[in-house]
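Have a look at these structures, which come just after this line.
Both complexes below contain chain A, partnered by chain B and then by chain C.
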Partner chain A sequence: MKKNWWKALAVVLLLYVAVAGLLMPVPRLAILNESIRNLYFHVPMWFGMTFILVASVYYSVRYLRTPTPELDILAHESAKTGILMGVVGLATGSIWARYTWGAWWTNDPKLNGAAIAMLIYGAYLVLRSSFTDEQQRARISAIYNIFAFATAMPLFYILPRLTDSLHPGAGGNPAFAKYDLDSNMRLVFYPAVIGWTLLAFWLAQVASRLSLLKQKVYEKQLA
Partner chain B sequence: MKNSLPKLRPVLLLLLGLVLPVLRAAAQATSEPEMADTLRHDGKIYVVVAVITVVLAGLLFFLISLDRKLSRLEKEVKE
Partner chain C sequence: MQKDFRLEWRQRAALNGMLLYVGSTVFVCYLSFSLRGGQLPAPAWNALFWIVLLFSAVNAVAKGFLQESRGRMLYYYTVVRPQAVILAKISYNALLLLGLALVAFSLYALVLGNPVQNVGLFVGNVLLGAVGFASTLTLVSGIAAKATNSSTLMAVLGFPLMVPMLLLLIKVSKNALDGLEFEASQSSLLTLVALNMIVGAVSYLLFPFLWRS
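Right, the complex of A and B next:
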């Protein structure tokens, strides 16, 4: 119970976000209309993804310093959770684009940057699956993970800002444009970011524990 | 069971505190550009909110039970 307080917090925050995200007043803006509420669901996917990928890189660096299978599993499952969040982010963004811009996908720098970054992480999974030797797999994918992170983050957050982008918050503007500086929106947005990020860590933790357990059981069977 | 109630109190208080702004917002009436006001007042937006809450609660409950089963299994393997 003491160790799991953050999971309870995640449950409370996510339920709050589901209710308040739909019912709290939002700024009345043309074109965006009620879809401004996507800020509570689409944007936290990217926040959660970023935080969990930072954790993944952290575990990868630790693995390279002290190679243990636990650290490899943690890095791998964190990256997988990050990829899941990113895919959900792309999918939700695509739905929004269809009804706001009229197309499922546009060649917007923000969209393409995110897509390329996701492909880079997709390659991480492909790379992992191409080794049979466990230590080689762990070491090389840890190194790749660091480079993937260093390449993906500018694609997500820096390059789209250097050019014009239709995406809200992009195109030279800081991410927190006027529509999310609204104090009512902050009351939901910040809990949403924390809640979805905690959920990402929760999922990664459960997946890692399962993976670790599987390994232990195999070891026991061999012994 | 007796012991779990005091532990839950801060969680419930936090939830209550977070919901307060929603109640205030529900009490305010506004009229400006085209938004889903009718849905919010007379319509069935609350039905959707309830449905989403149930779906989310169900998924979270599943995750919690998965977490617990995993903890039990971890204990078993350790022994």
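Right, the complex of A and C next:
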């Protein structure tokens, strides 16, 4: 229990976010209306994705220093979790856009950047599947993972800031943080960020343990 | 490093092939647009130019590692440091791409007309693009050379990685086409330089690990 307190915290926070996020009063704004509640689900996805991808790069760097299969599995599963969070983030954003902008997808730098970053990480999965030798696969995908992180992060955090965008928080559109995020919303938003990030780490941990176990079973069958 | 660079230069058999590749691509563009019998609008000119450059860059750089024989790799491995190899490859590829880009630009301007109003900015932009493409694609071709289906992998890995750079390049070259003053594209150019430096530094750091395997 001492080691697993953060999982309990994740469950509690996410339950709180689900209940409070859907029921607590939110500011009435034109166009946004109730869809402002997407703040509790869409935005934390990207926070969680960034944190888990940072963790993945950290494991990859450690793998290059001391190559062990555990670190490779951790890096791989963290990256996969990051991709999952990114895809969910794109999906929630797309649904939100359908009801506020009237289209599932618009030609917007922020949206395109996120989609291309997902393609970069999709290529990571393709790269992994095209090696037969396990050590070589681990080493080269670690290299690519670091490289991908260095090129994908500008897509999220630098390039969209250079151009105008429809997306909230860019191009003169009100960011949630500026004035319409009143203290009521902060009460849900910050727990949501922490909760979804913890969930991402939990997912990555469970997936890594599963694939470690699979590997052990496989080795036993060979022996 | 000097020597390595010269070695690279010596096996430039592919160079003529690349020149022909660029030439025929430009000519195909020209023929397919001459059917409409009109001058290309500037945005289409710009987009087509960068697409031609993108594809010839991927093809040109892919040769760098894929066509290297195993024996030669082992020889380099014993003689020079990996950092020297990656720097030599990047600078060779940058020069190669710059040459190709300038040839492509002059041919392109010859047959499709030259709407560029600020040539200095345009050429500077092409220079930055060549360096950026070279540093991204050199590492990618090194990675792809290790895998089994390397030619597909080269495109799959390379294209998304180049998109951030490409977006900035297209924006700046659009500014150059329209003859906007330098200030309009200053921030994009700075970001481009920063992006090049990030990619170059990461390739420099990572290549020794790739080399060892």
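One rule holds in what follows: the second predicted complex is superposed on the first by the 214 of 223 C-alpha atoms of A that agree within 3 Å, B and C clash if a C-alpha of one lies under 4 Å from a C-alpha of the other, contacts with A are read in each partner's own complex, and residues count from 1 in each chain.
Keep this in mind: a residue touches a chain if its C-beta (ideal position, glycine included) is under 8 Å from a C-beta of that chain, and two chains touch if they have at least 3 such contacts.
Since we're looking at a predicted model, the values are computed, not measured.
A.B. asks: Under the superposition described at the top, does placing chain B and chain C together on chain A give a clash or a fit?
C.D. replies: fit
A.B. asks: Vertex at chain A, arms to chain B and chain C: angle between C-alpha centres to the nearest 10°?
C.D. replies: It works out to roughly 170 degrees.
A.B. asks: Which partner does A:147 reach: the first (chain B), the second (chain C), both, or neither?
C.D. replies: A:147 contacts chain C only, not chain B.
A.B. asks: Answer with first, second, both or neither: which of chain B and chain C does A:223 touch in the superposed model?
C.D. replies: neither
A.B. asks: Output check: A:23 vs chain B and chain C. Expected answer is one of first, second, both, neither. What do you get?
C.D. replies: first
A.B. asks: Which holds for A:8: it touches chain B only (first), chain C only (second), both, or neither?
C.D. replies: First partner only.
A.B. asks: Rounded to the nearest Å, state the minimum C-alpha distance from chain B to chain C in the superposed three-chain model.
C.D. replies: Minimum over all C-alpha pairs of chain B and chain C: 32 Å.
A.B. asks: Under the definition above, what is the set of chain A residues touching chain B in their complex?
C.D. replies: Its residues touching chain B are 1, 4, 7-16, 18-20, 22-25, 28, 30, 33-34, 184, 187, 191, 202-203, 206, 209-210, 213, 216-217, 220.
A.B. asks: Give every residue of chain B touching chain A within the complex, in rising order.
C.D. replies: That would be residues 7, 11, 14-15, 18-19, 21-22, 25-26, 28, 30, 32-36, 40, 45, 48-49, 52-53, 56-57, 60, 63-64, 66-67, 70, 73-74, 77 of chain B.
A.B. asks: Taking the complex as given, what residues does chain A use to touch chain C?
C.D. replies: Interface residues on the chain A side: 64, 109, 113, 116, 119-120, 122-123, 126-127, 130-132, 135-136, 139-140, 142-144, 146-148, 150-151, 154-155, 158-159, 162-163.
A.B. asks: Which residues, counting only chain C, touch chain A once they are in their complex?
C.D. replies: 136, 139-140, 143, 146-149, 153, 156-157, 160-161, 163-164, 167-168, 171, 187-188, 191, 195, 198-199, 202-203, 206, 209-210, 213
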